[in-house]
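Chain lettering (A, B and C) follows the sequence in which the chains are written, and residue indices restart at 1 in each chain.
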């Protein structure tokens, strides 16, 4: 993996059709603004997200990845997001072992929470950008 | 399950196993000594040449049990704890039919790499334990072994501190194994030579720079995957054009992305495989043993799997009824992982 | 694989921050893209015609439509493909409005993002294969949960259309809150009469089963064939319904949450709900002084009710009128923030109430202090800009509508969602106010948000109309996005079987592989991500398609 400047972060996000993707649609309807470096892949359920997708995203060049779905207990497919949480928590543990923990975020956004969606992705984007600026500062 | 134990007196094990092998369709899967050293063997008819210990690690024997589905044969496994643990994981993954198999784990004082050609290794348990007192004599994977004791599977063969040998049963099948050995069950078991099973090794932590450097020599031969006992997929994800394209698919990818460093996908292959085996890896180090480029695979795979198993309080191969962590959940857990 | 890309301007909604011409030209250079064009409104008739012509003329095998979010106009665009004899699942929608043009301001960067998103669709669609939509027979029956006026209204409509109706009410009688209302404005009838009429008509209908003192304890199945367990006083009863309408009403705001108003501590403080019951039996002194407080439990961040409850201003006016009518010489003062008498005739009603002698003071009441001679009501008159403190014999709190107590439990049972205020969430605020995210489950009445009786009755009927529309054909079309096993690659480890939430995967002992029961499969894809070799894949979302999407989003433009 080449050293890339994250000053203009590229974020790949996996959003479930019934909750997070709906919230992102609503964010659009409400004309809420968030960084264009955030790009969404729609999946039916957050449990569709294979850890291999996350690893591939990072090695294809994404600065970070998020996996977002319905709040646990409210999954449209009843229990899918419980499994998502297990796998992503384990994947985060693995990334942490490689000092890459901040490259994967896991959060829950329900269909009504357009504002929360925007807040989460903006905070993630800003955090990565700030960290990259701090790194660049240290190197100079 | 009450653990039952019997002392194994001189010759009793051989006598018992030979009696077992006298029946049709019975086999013992264990180790055999010969002029070229100690190797795995499927014993049929007679137990001649059998050795309890193989201090020279070449492969994980559970590899040979994969896709063994016939219910006809009766097999007693007499293998190292890491091999028995791999066997237990394979049973959980429906890759071995356990009905006719009795899994016996033998105390393991440690092993050296088969690539090292070490001469004059002791053949007996106490002798090996003494030899491996200096931990730098054993393979890195053995140095950080989480379970050297024969306490997994259906039964175990254990070395006591006073040099005597004991057979312990942990399940009904283990009782059947105990039944092969002459003598009565003992009321109590003496202190064992290998007493503790405290996890060795620390909290695995590294970074991408170190990882990239260590895996730079990788030639993508996939030996590590092929010898891993728990890498059971009959057609691996990495066989196709998805991740590691060849030929026209490779050409398309390079022309499209400009990513031309070869061989492609080294990091992704190992990281994805690390995640896939994370809950079944027993840390046997067969991968590192088979690597032609001497990449410290065991350090990585063992380190990652121990962290990922530890976070769920899980240990691969410890119990046949323990659910694989990714197939279960609790409604209220892992909130630290949520952002 | 001949692909056509159609980029919508959506008037100026996409065009204003995405350079659609640049996007069009970018894709023209791709080897497989034989058509790359842009158009003002692709959803319009001429727009659809343009796409159809392209498909037929160029022999397109894949169609990419870059426009509004994929969930909009789904059937419309699939029909365009059907009419051109192309399988509708060879269409890929790319959202460049809600997910691009509307959420960013920088034209250059938005254009690049649009290119990435469309490229992701292009690469992904290359893996699509023709899929067959499944037809399932549906049960022409409806389960209506909640026997208030919106539930009754839905039941009346659906039974009129010949459907079998199961009406389930938790309480012992039908009618919900309306039953308790007296002299409802503007119809000037008692709620009991309104409910009585609806109930009587419903009970005369055939194929209507009414359950009172009954709850729904289990709910499963899919659209067209839901199976519910009703816990009735006579025991459990299983019913099958093609669809369901949730109409469980609201809870009046609990005024004890505002302790400064002394509700629950002093009997002289009551809510409009209490007043409704006791208006004729209050023991008030002669010429009573009555305070009426608007917006109790509404427009109030402090108690977590920031919304307006829509009906309480009219309720306050009704209360003021009722006091003035019953008590000669009474002093009635209403404390308001705004008077939102929004229905037709409401403004006139407000004028009349003032003419009948009710006074209106603009300002919130800060506290009510009970005393031996009366209630001390303290607040600020915001028009005069001064504090006030006046004594009253009775204070009536016009309470707002809170979500029903069972909203979380019912939402969990049926896997539908609640909004931020814990009312049921509709699929789309403007375009689909009666649907939920789950096909076949609708909402009606106040459980989806405050509304008055007329609106609730209309809402109930509208939900009934929608449900009927879905079921009237006798069959439903089900998405083919279910899991499928490549038996050559399946190693029979059964991990997917153990993970499957719908229990739709079974192990074939003889072949030592797993198989999917398509009817039971929900299409979540958990099996796909659980399988280490992806031998089981989710149609429409297979690994290769998603892998290429990821690559397309990140590769340089």
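Convention: a residue touches a chain if its C-beta (ideal position, glycine included) is under 8 Å from a C-beta of that chain, and two chains touch if they have at least 3 such contacts.
Because the structure is a prediction, the values reported are computed rather than measured.
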Most central chain, judged by mean C-alpha position against the global CA mean: A
Furthest chain, CA centroid comparison against chain A: B
Where chain A and chain B are represented by their mean Cα positions, the distance between them in whole Å: 36
Chain centre separation in whole Å, for chain C relative to chain A (CA means): 27
Mean-CA-position distance for chain C and chain B (Å): 54
Residues of chain C whose C-beta touches two or more other chains: 499, 530, 534, 543, 547, 551, 555
Numbers and ranges of chain A residues touching at least 2 other chains: 51-52, 56, 73, 79, 83, 87
Chain B residues counted as touching two or more neighbouring chains: 237, 326
Contacting residues of chain B [partner chain A, same complex]: 204-208, 211-212, 237, 243, 267-268, 271-272, 274-275, 278, 303-304, 307-308, 311-312, 325-326, 328-331, 333-334, 336-339
Residues on chain A engaged by chain B in the complex (per definition of touch): 1, 51-52, 55-56, 59, 66, 72-73, 79, 82-83, 85-94, 97-100, 105-108, 120, 124
Interfacial residue positions of chain C with respect to chain B in the complex: 488-495, 498-499, 507, 512, 530, 532-535, 543-544, 547, 551, 555-556
Residues of chain B defined as touching chain C within the complex: 69, 93-95, 232-237, 242, 256-258, 276, 324, 326-327
Chain C contact footprint on chain A (complex, rising order): 10, 12, 18-19, 22, 24-25, 27-29, 31-36, 39-45, 47-53, 56-57, 60-62, 70, 73-80, 83, 87, 110-113
